[in-house]
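One structure, as structure tokens, below. Some questions next.
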Amino acid sequence: MGQDSAVVEAAATTPAPDATFIFNTLLFLIMGMVVMFMAAGFCMLEAGLVRSKNAATICLKNITLFAIATVMVWLVGYNIIYGVDEGGWMGTLTMWAADDTQPLDTGYSASSDWFFQMVFVATAASIVSGTVAERVRLWPFFLFTALLTGFIYPIQASWEWGGGWLDSRYGFSDFAGSTLVHATGGWAALAGALALGPRRGKYGPNGQINTIRGSSLPLATLGVFILWLGWFGFNGGSQLALGSLSDAIAVSNIFVNTNMAAACGVITVVVLCTFLKRKIDLSMALNGAIGGLVAITAEPLTPAIWQAAMIGSIGGVIIFVTTPMLEYSRIDDVVGAIPAHLFCGIWGTLAAPLTNGDATFIGQAVGVGANAAFVFPISLVIWFLMKMIIGIRASAEEEDKGLDDTEVGAPAWPDFSGSPPLRPAE
Amino acid sequence: MGQDSAVVEAAATTPAPDATFIFNTLLFLIMGMVVMFMAAGFCMLEAGLVRSKNAATICLKNITLFAIATVMVWLVGYNIIYGVDEGGWMGTLTMWAADDTQPLDTGYSASSDWFFQMVFVATAASIVSGTVAERVRLWPFFLFTALLTGFIYPIQASWEWGGGWLDSRYGFSDFAGSTLVHATGGWAALAGALALGPRRGKYGPNGQINTIRGSSLPLATLGVFILWLGWFGFNGGSQLALGSLSDAIAVSNIFVNTNMAAACGVITVVVLCTFLKRKIDLSMALNGAIGGLVAITAEPLTPAIWQAAMIGSIGGVIIFVTTPMLEYSRIDDVVGAIPAHLFCGIWGTLAAPLTNGDATFIGQAVGVGANAAFVFPISLVIWFLMKMIIGIRASAEEEDKGLDDTEVGAPAWPDFSGSPPLRPAE
Amino acid sequence: MGQDSAVVEAAATTPAPDATFIFNTLLFLIMGMVVMFMAAGFCMLEAGLVRSKNAATICLKNITLFAIATVMVWLVGYNIIYGVDEGGWMGTLTMWAADDTQPLDTGYSASSDWFFQMVFVATAASIVSGTVAERVRLWPFFLFTALLTGFIYPIQASWEWGGGWLDSRYGFSDFAGSTLVHATGGWAALAGALALGPRRGKYGPNGQINTIRGSSLPLATLGVFILWLGWFGFNGGSQLALGSLSDAIAVSNIFVNTNMAAACGVITVVVLCTFLKRKIDLSMALNGAIGGLVAITAEPLTPAIWQAAMIGSIGGVIIFVTTPMLEYSRIDDVVGAIPAHLFCGIWGTLAAPLTNGDATFIGQAVGVGANAAFVFPISLVIWFLMKMIIGIRASAEEEDKGLDDTEVGAPAWPDFSGSPPLRPAE
């Protein structure tokens, strides 16, 4: 079928304009709902990977960070992202309000779009939460979350998704946010980990590395299944439209590629563990799924399936290789968020030109570099300023007792015997 | 754009009638699914907030109550609600059957509507379950659930949602059920708590109040995230239509307001705890989300965002203030359902006229009063009748051993050390 | 309204062709998402029903099996199912690739259909996982999973859903797969259980049957709620279309019947336990829900509600009766998957002609028999071949220590006291 006849046929068969509007809006709402549920996924993953003495605190952090993101994206975040001039560096410092006066021009309900964008911002904050767990105090974390969701994320997102300089000058391409969401969260997490230092007992003298086990691998697994589910919304919803034949086909292809990348991330880690470690590390296999998902996020639409499989597999390799590297660097990333979200995010972004002819390696490198050059230093400055002024870390005694005792005042699992304070290396 | 031209444009761009029908039906189905999943949310919340020795029993209660609600709403409930005459007091005692003979007149599939209404009824029963946990016997609870879901809820819902007297005479307004669902559950729960009395050891002599800790705060947190997710369906689906531009916009605005109220409920509790209690009570923060959600449920459409934020915040204040008040009254509400669903439900209902010009304070007060005057006494009578005739409470010995042993015959967490029978006050 | 006038009206009111396409595609995507989430449901159910010492391993199995199913259905499975000639026995051994060149002819996006079919295949593999838990080694299980999802399931599914001999010659009817999915998983699980033998300590000498308790009934309950949710997608999505009035009505009726069967499965088990066992076995009540769901899956559209209730109730009876029978046969099915998926699957398939005039008892019996005659022997051969060549079972010592130690190298719940190695009978 020639292109022309296809266009003619399409013109004769397209939905009524209002139906297109409803489809687009419905996409934002449904996909936004499952992305919102990713907050539960991160919470379960993190609660399962911290010791039981810190599990209530991590739950409190995760539900509160979502609430903070909601408020900050409303107060300033959204208009910083989307109020930017073409080619600009930042939008306006104004509160968002729904504007549906020209619905058929925008093609979707303003609130549905806001909702979808907001849950993306919350995702970036969730990433930070896991890395800095078990030692960060609550309020400094909340303060950082407010700055991240209100300013840091929105400013750099405006460069691309708002139509700012990264989009207009460099043709940077980041479909659903391997860099704009995941690397942003990853850089902010890395800055936090550096400012905080590792948990007590994680690294011993003479390069000794201790294993600190998470309190519940079943909850961590549940978390990853929820994230996997949410990612269909994350990537599929980022098509931003459902009201035409081609949009519906695009969303479907995105689903297939997203799922394939996740699956190959898991399988790759399982195979590598089998051959190189004999035992199969469940936490790493779970992170393999996330690594594959993050990697495909920069470009889930254009890859052929085998390419999605490769992109996800390399995500799995990155998890397998960089997780111990991070430990050798004596950086303490409690849930492995930096390999999954930062390293795989960069990989996915740089891989986009392999399948998307509109993206260039130069443009992608500029985008990755700009994101890094902005998010990491500013996060580091904020963490260190807070460290000097208000303190960001629990005392050694508090850390040994567990943050649940000092921050929440209630144990997460009071009926069961608690976690031993420190476990020697294996 | 003038009102007239908008109407003209709409007429030219609206979806085909069948498409509107499909959109409306799809709204019921999708939103009904996530509301159905709230049953899992309540179950996890309650399983996490009871002691481990009662966690299997609460799970059994939650899945069975959903099953009972399904059957009762089919047998009598639905037609009691919607078979009512205009201005009437109760519908017909007949079984529901789908009637799709005039699909384009109703505008949605009959079964999709039934499904959506049914999961609402189940929600009310889930509320009761948490309050009366750890001491109520299974079958009296099931019996009460059958009466609640088959008769009590449907009768009072018919007054408003069926077009009965409360709707036609008083213009009562309750968009998604702050009163009709949540206060109903709350009154029934309060009646149960009074009939049962507090758990053994909850209140000591001389006004002593003991803390009884829940067995798993991570599961409780998961439960609240699921409820938060489900609430998009609860409130968004209550628009009851998606097949027009204005309906799609309305559902989107409802999503934003619902989310904002929940977020502000959490933040308010977190801030209040920080300043007034120094430690941040996770269970109370979780209830802050629910309180905000319940409060916005009476009117999630008309508030501006800042108003939704205020309504949710006051919900959080109510949680913070009334939870200890209930304890001082020596009423034992295991999961804090009465503050969240009853008190915040009343608040939200009375707040509706602040943003919805069609609602009046008088009308709202009549609705709240009628609901209270019907649900609370009849629930109390049923609980006390059951208490006299069949007994509603486990024996002291059974309660100390835990209901899982006597009702289910299996521990919820057999591999882990169980809960100590009683914990002294803190 | 006469049939003719209805047709005329329909012609004038139907959605634009592209809108129909979008509706159909959206059905596959949304319902596919919730079916995908059933993988989390099976994982939680199984993690909750194994001992804590094997809970990490079962999580690893569940996420990896989903990944394997993804890859195998892509590599060969899909085209084996749908590349079959009319009346044929098997499709082609070719990789699937999306073909959307004639979108309005197929009426849905090719990828959305692939996604929906793929998650069905994963479901069958999830069923096996639970039965063979706590003793099977990881890689033999993964190998079996690859063969099941790549070949065994697809071949028998091609006979019916691909339009092969069972469909064209016998008019076999299996709407959403009571036989094609659930009995397939059940037969494969039974074969695995026979090849593996029971867990150490499950059956003592002289016919002694020991109870081995699951580590977390709350997680198992969560799993069943997730499965119940997913089943709306499983059965509702199997209508395969949403873009017309009658399809939307059909999906809605399927929701109601599916929910009713699940509810009656639960209630039946609860009532039977109350009268015949005095205590109410939560695991069995949970399986009652699954049994009801599996039973209605063969024909969720044509039953009246009371018929759906009966079909589900009989599913509950089957669970109640056959679970102990399986134990008396000294077959060790850790999660009760064989009663739920195999026995209830056969029941539901044979019950289809009761409500669906197009199905015949002969045709259904042929389908059930063909499925059994193919899946069970070939599964048995594969399990026994693997047993001879690579070994399928952990050593006695490994089993006693728990597979988490030997396969994963990390305990699932390290902070809590582990499971006692063996528990004597009760």
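Think of it as A, B and C in the order they're written, each chain with its own count starting at 1.
What we mean here is this: contacts are C-beta pairs under 8 Å (C-beta built on N, C-alpha and C of every residue); 3 or more make two chains touch, one makes a residue touch a chain.
Here the structure is a predicted model, which means the values were calculated and not measured.
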Relative orientation of copies chain A and chain B, as a Cα rotation angle in degrees, nearest 5: 120
Proportion of interface numbers common to chain A and chain C (over half same, under half different): different
Chain centre separation (chain A, chain C; CA means) in Å: 32
Multi-chain contact sites of chain C, meaning residues that touch two or more partners: 15-16, 19, 26, 30, 216, 222, 413, 416-417
Chain A partner contacts - residues on chain C that touch it in the complex: 15-19, 21-22, 25-26, 28-30, 32-33, 36-37, 39-40, 43-44, 47-48, 55-56, 59-60, 62-64, 66-68, 70-71, 74, 96-98, 100-104, 109-112, 114-115, 118, 138-139, 142, 216, 219, 222, 406-417
Footprint of chain B on chain C - complex, ascending: 1, 9-10, 13-16, 19, 23, 26, 30, 34, 51-53, 213-218, 221-222, 224-226, 228-229, 232, 236, 242-245, 247-249, 251-253, 255-256, 259-260, 262-264, 266-267, 270, 274, 277, 279-283, 285-286, 289, 304-305, 309, 413, 416-420
